[in-house]
Amino acid sequence: MRLKMLAAAAALALGVGSAQAQISGNTIKIGVLSDMSSLYADIGGPGSVVAAKMAVEDWEKMHHPKFKIEVVSGDHLNKPDVGAQIARKWYDEEGVDVIVDTPNSGVALAVSQVTREKNKAFIGSGPGSSDLTGSKCSPNTIHWVYDTWMLANGTGTAVVKHGGNTWFFITADYAFGHALERDTTNAVEKAGGKVLGSVKVPLNTQDFSSFLLQAQASKAKIIGLANAGGDTINSIKQAAEFGIVKGGQNLAGLLVFISDVHGIGLEKAQGLILTANFYWDMNDKTRAWSKRFAKLDNNKMPTMVQAGVYTSVLEYLNAVNAIHSDDGGKVIAQMKKKPFDDPLFGKSRVREDGRNIHDAYLFQVKTPAESKGPYDYYKLLATIPADEAFRPLKDGGCPLVK
Amino acid sequence: MTTLFGISVPALMGQLLIGLINGSFYALLSLGLAVIFGLLNIINFTHGAQYMVGAFVAWFLLDKAGLGYWWALLLVPIVLAAVGVLIERLMLKHLYKLDHLYGLLLTFGLALIFEGVFTKRFGSAGLPYSIPDKLSGGYNLGFMFLPTYRAWVIAASLVICLGTWFMIERTKLGSYLRAATENPSMVQAFGVNVPRMVTLTYGLGVGLAGLAGVFAAPIYQVSPQMGSSLIIVVFAVVVIGGMGSIMGSIVTGFGLGIIEGLTKYFYPEASNTVIFVIMAIVLMVRPQGLFGQR
Amino acid sequence: MATDAKPQHEEAAQPLVSRDELWEARYHRNGFVALFAILVVAPAVVYPVFLMNALCFALFACAFNLLLGFGGLLSFGHAMFLGMAGYVSAYAARSWGLTPELAILAGTATATALGVVSGLIAIRRQGIYFAMITLALAQMVFFFCLQAPFTGGEDGIQTGPRGKLLGLLPLSDSTAMYYTVLAIFAFGFFLIYRIIHSPFGQVLKAIRDNEPRAVSLGYRAERYKLAAFIMSAALSGLAGATKAIVFQQASLTDVHWTMSGEVVLMTLVGGLGTVFGPVVGAFVLIAMESYLSELGAWFTVAEGVIFVACVLAFRRGILGEIEAWLRRRRHRR
């Protein structure tokens, strides 16, 4: 009799236990938090929402899940307080389970903290600061596509090897710019170069003239642009206006997206060396997906951030499906379990510190003569294998790494 | 690198020249504000937004009608003046009998409306506007490469500023304007249509803002926030120069641009605050401004 | 700045307190009861974080109204008190490990000190010049906050989890935090009410209405104005410091000059020179901001439209109009 009761109790307990691994409201809600209206809108922005929705559609077709999937979006206006408030409201009030994209490292760092507090998930394809998997790493965050260490050691090292051994930085004055300047300085000095100085510029500055003049006065061979998006476009255009390159100095765009090259034009952008993890014209898979994307996004080819949003949503949904839970910490842990074959980025693996590693590529912008049409902008100079492209696990200072 | 007492002359000259360019915009915009305040006693917070709209109209003319820079220089001030006349007739004229601060609040609200509408429509990243061909290229001055367009901005602003000053201080029309604000009833009794003068004056000030917007389009990028970042600095310029004094704002505008340039060279961190520090000091010591009389 | 409509006080003949004043006192008492009854039960129905945000801004607007509505001084730089207090409070909580109430105290003290310094500079001037000086000072504070290392510049300060009130009550629970904020708001609100209805407040109003006459009666107008300015600064700082603890962050948004404009709008919409007006104005605007946030820039447009409408046609604000109507109704009887 007692044995039967014990068995029944055990069965009940097991039943209750397994019921706890469930998906709240039988809905998975994905929040695309991005810069929808300002200098990073073309890098992520509405295009990221398109990518997320494509991922949901494709995944649902493949897996026919029993739960519903919804996508919501929000504009963080490049302000960490706005981003954090939206994140809190989404997590508390609207049942959002995961936030993706988030270009702007300041916002991403704030959102990462809120996500950890609420035990949700954050998969950032947009931000750059390597601190997201370094001193500020979190068990609820994955840094999906690129980071400042990768850019610094890709572009920075290559440029020094080509002879650009004295540098002056024009730096966007916030988390991303600071991290990029710091990581590039380390890479340049390791390669035998020297940094002569730097100037901090407010985000979304329209007029770079006085900063470019300071760079010119330093007589450094390379003016490193530790900024992105609209800032990079303006810096490069105005540098042409002030005859900087004619005067013998060269610009190094440390973070350049295909949308930027499109905005600057090949005439002014040709010869720029840049590091990226995705280019629409790399192989058949990327070409096919990118053409689908372009049809949905005003004929614009996807940036690596938008491609990252697509695959991060796919992998997130795979993990949710595998453990049948939307518990943030558990899903992120599941995503770290095995290496996987990313449809757009190739062989990938998420490390303990939350860093997703895959190959990086050194590209150079084509000359107008070499380009056969719109968005035919890059030629491949070199491939950096995944294990070398990113900062070694032990160097990050992440408390999660033992 | 030539140095004089440890100062790199080329670098310093470069920053001074940039400062002069910025100063041209300060002078042009504070001129419009000073005209409006000096003659109408209205604090036109919308001035920055009107400057922004001017730049956008120039962009529209190029993008939609294929009308380039030179057309814009002519048409934009007229369009903006018309906008100004509308604002004055519909809204501002009701506030003249009230405390000045209501005018400030109304124009502040209008600035928010303009900025919000344009941000909604165009995002906040900025639209490109290319430098007109006749003004592209530049001069190699040895210590820096001066783009032709920026030299043009300095020259043209000076001409317009001095021209406006001349018109207001030295011509008959100007004297009517000045009399009408000092003693409206008497001037009205002489048969001058005072309300119309007031409206036209506001239109003139706004037109000047629009013109500054056209000048700015090729170098500062056409963006909905371009006015709000500038308006506070321009206020400071007007206050320092003397809120009613037209020559005061011209001199102070160029002067403060140069001071900002100097500060960028010697003490870059303070370059944003130096204008406000000067404004606070002037307000404490001589509140009517350097050139104002009150 | 004189408002259009002012309460008409009958000459107190025989009774020590006029009938009008009795009516006002009763109206205020009823208002308090209604207001706090609603606020006490509200978190059951409305998102508590929204309520806390609105309460902090309500306190800010009340503090601003003390200076503008009752003191007649338009400051265009009040953001410096809100924001600076927020930064110090957030920094104290994160880097010095202070408990929330001590962090808030530190922030408030900073705002008070800033109020003393800026008040001494600004109070010598009147009207538009006063507004311009406060704007200049606020801009200096803004650029200081942009560049000082401790504020984190564009990134702001993130404090991490909220900590325990007095070392005992964990504030990470939204309910506990809400009632704490409500208590702080109540304290500030009643303090301002007492100030307004004290002899000091009466003199302040007299100076607002007719400064030369007040001076001729022997009152040192500058001292009163300076005192009002400092009190307004301190309470704005209390609002900012509390807000930083609630949201666990401090950012440049709170020291930007557009924030100074927003508090003017809240006070104007709610009703300048009324007791409850700023509270209503703050709730209206924060509600608009939260529930219209998907519309992005339309919110800025809406703010502008409300400004224009208020200035042209609706100068008394929501509560000003309500109170005027109530008084008309009363006198008609």
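The first chain written gets the first letter, and so on, giving A, B and C; residue counts start at 1 in each chain.
Here is the rule we use: a residue touches a chain if its C-beta (ideal position, glycine included) is under 8 Å from a C-beta of that chain, and two chains touch if they have at least 3 such contacts.
Bear in mind that the values here come from a model prediction, so they are computed numbers and not experimental data.
Trainee: For the protein chains shown, what form does their contact graph take: line, ring, star, complete or other?
Mentor: complete
Trainee: Counting only C-beta pairs in contact, which chains form the busiest pair?
Mentor: Looking at every pair of chains, the most contacts join B-C.
Trainee: Just give me the whole-number Å value for how far the CA centre of chain A lies from that of chain B.
Mentor: 41
Trainee: With centres defined as the mean C-alpha position, give me the chain B-chain C separation in Å.
Mentor: Here chain B and chain C have centroids separated by 33 Å.
Trainee: Hey, what residues on chain B touch two or more of the other chains?
Mentor: If we look for residues of chain B contacting two or more partner chains, we find 119.
Trainee: Name the residues of chain C that each touch 2 or more other chains.
Mentor: Within chain C, residues 146, 296-297 contact more than one other chain.
Trainee: Specify, in ascending order, the residues of chain A that touch 2 or more different other chains.
Mentor: 36-37
Trainee: Within their complex, state which residues of chain B touch chain A.
Mentor: 1, 8, 10-11, 14-15, 18, 21, 119, 123-126, 128, 131, 138, 140, 144-145, 147, 149-150, 219-221, 223, 225-226, 261, 264, 268
Trainee: Where on chain C does chain B make contact in their complex?
Mentor: Contacts found on chain C: 1-2, 74, 121, 124-125, 127-129, 131-133, 135-137, 139-140, 143-144, 146-147, 257-258, 261, 264, 268, 296-308, 310-312, 315.
Trainee: Can you list the chain C residues touching chain A in their complex?
Mentor: 47, 49, 146, 153-156, 158, 160-161, 247-249, 251-253, 290, 293-294, 296-297
Trainee: Name, in rising order, each residue of chain B that touches chain C in their complex.
Mentor: 43, 91, 94-95, 99-102, 104-106, 108-117, 119-120, 228, 232, 235-236, 239, 243, 269, 272-273, 276-277, 279-280, 283-284, 287
Trainee: Of all residues in chain A, which touch chain C in the complex?
Mentor: Touch list, chain A to chain C: 36-37, 74-75, 79-82, 84-86, 88-89, 92-93, 106, 109-110, 113, 117, 173-175, 202-203.
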